[in-house]
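To keep things clear, I will list the structure first and then write my remarks on it.
So that you can tell them apart, the chains are marked A, B, C and D in the order they are listed, and the count of residues begins at 1 in each.
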Amino acid sequence: MTVGPDCPVAGAARAAFRWPVRVYYEDTDAGGVVYHANYLRFLERARSEWLRRLGHEQDLLRLEHHVLFAVTRVHMDFLKPARFNDLLEVGVTLMDLGRASLRLAQDVTRAPDALLCRAEVRLACLDDLTFRPRPIPEPLLRGFHA
Amino acid sequence: MTVGPDCPVAGAARAAFRWPVRVYYEDTDAGGVVYHANYLRFLERARSEWLRRLGHEQDLLRLEHHVLFAVTRVHMDFLKPARFNDLLEVGVTLMDLGRASLRLAQDVTRAPDALLCRAEVRLACLDDLTFRPRPIPEPLLRGFHA
Amino acid sequence: MTVGPDCPVAGAARAAFRWPVRVYYEDTDAGGVVYHANYLRFLERARSEWLRRLGHEQDLLRLEHHVLFAVTRVHMDFLKPARFNDLLEVGVTLMDLGRASLRLAQDVTRAPDALLCRAEVRLACLDDLTFRPRPIPEPLLRGFHA
Amino acid sequence: MTVGPDCPVAGAARAAFRWPVRVYYEDTDAGGVVYHANYLRFLERARSEWLRRLGHEQDLLRLEHHVLFAVTRVHMDFLKPARFNDLLEVGVTLMDLGRASLRLAQDVTRAPDALLCRAEVRLACLDDLTFRPRPIPEPLLRGFHA
């Protein structure tokens, strides 16, 4: 995770898309805080809603284009704990767009100014049956470039 | 859930099949105990291992017979909390066997004598694509009757 | 689960409180549908939001009154499967209110008219440290009666 | 994640500690494979069992030393999907040991020779109430050095 002009923290500050996530008991553990694996669930909810905002329903992407997106790499830094009942926000910023993959900077914040988690997520566009790489469908590419 | 000769507690005591489950952080919540929904995960692990003990791998059942088992009804009583690091045991007792469904008594215990949760679970045998009821495959039926 | 004037299905139809839940990949399983245990998570999200609507934040309830609500009994019927990307609604209807416990009818529906799951959930008000029953705090009782 | 003498793949091959994990329905998603966040759960189960093998029960560590271990950084590469009913193995290799933190190489494999996921996990030893860094308790340090 590079620290520089495109570092996730900076990216977080300007994330074009942000999605609210409420912390319920299901998300916490006996340490009293959000269980670390559940941040990956939060990150994916925001990615799903970001795609929806761009006009793409993932069930239709699969039906019409026979593709799905799989996480192939994750870097996460856990900076501060989130607690039960917190209202969080998850950011999505597109960093790189390849022919069959994309790289996102994501973050989880709590108002007013706490950065709880920053992440870099690499996704591959895969055939939904063979799991082989497939070019990102053209309508999606256009949306990403807009 | 009837209280009587076939009540789950009595059933638990003689459950022919028991499967150990360790409680990890992932299973707990900020109340400091196992999150209630996770007992359903524990119950299913024991059912999967019970089927395996009877000689049936569920992935092969699906490939060869195109069926899967879906939970259609659950009754659960949560009696005592399980905590992080507890070593539990989950019991499976067949109560009723129909043509396309079965009913199990299940329980979760902690040594030496704590009954934490008792449950009654109804499963339907379904076509894995249409989700319509399908007769339980013959080899499975024979195993249940043994 | 009684079938009658106060049966959960009827209750569902008039549930005063309903909460939307989107199905993400995290909620599904390899059967292609929502994993059965996750309905319990959906039900609890709606209960948490119902309490919030009544003016009660559960983290404050714990801090100020040292109580939490624990699920002590669940009856669930799984009627139809929910799938990835579905937008569901979860209903909450108060059925019975005791001194230290309450009983709710809950349901999960998908527009326009599919009833996917109905449930009856019994909650106990517990001391957050000893897990012994505690009377429901007065402000909460007033809200329930309103 | 450096590729070299201490790269996780090489580390995986000689991981001193390995723990079996069976894939149940709860672990999979509608893509038909293990949901990516659940690898973090598998990694933690193996870390918990590795500590137990070294003679340390985490609930006692908390009671006696008032510490817990929190994940502060994760790097994961998802190389091949795991599927329902797979029997996996999770490896744990200690890479670095600091005064109040440690760094592990972890991997998830499936016999005979499939490397599904490799990870690098950084853990901090924290006070269990304040979440401030605390030196790793002496008995633990001795075990790590053995």
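Quick note on the criterion: contacts are C-beta pairs under 8 Å (C-beta built on N, C-alpha and C of every residue); 3 or more make two chains touch, one makes a residue touch a chain.
Just so you know, these numbers come straight off a predicted model, no measurement behind them.
Interface comparison, A-D against C-D: more C-beta pairs in contact at A-D.
Looking at which positions face the partner, chain A and chain B present mostly the same ones, since more than half of the interface numbers are shared. Seen from the Cα centre of chain A, the chain whose own Cα centre is farthest off is B. Averaging C-alpha coordinates per chain places the centre of chain A 23 Å away from that of chain D.
Mean C-alpha position of chain C lies 35 Å from that of chain D. Of all residues in chain A, those touching 2 or more other chains are 25-26, 31, 33, 37, 41, 44, 83-84, listed in ascending order.
If the chains shown are joined wherever they touch, the resulting network links each chain directly to all the rest. Interface residues of chain C, counted against chain A in their complex, comprise 22, 24-26, 41, 44-45, 48, 57-59, 83-85. Interface of chain A with chain B (complex): residues 25-26, 28-33, 35, 37, 83-84. Listed in rising order, the residues of chain B touching chain C in the complex are 31, 33, 36-38, 40-41, 44, 68, 70-78, 81, 128, 131.
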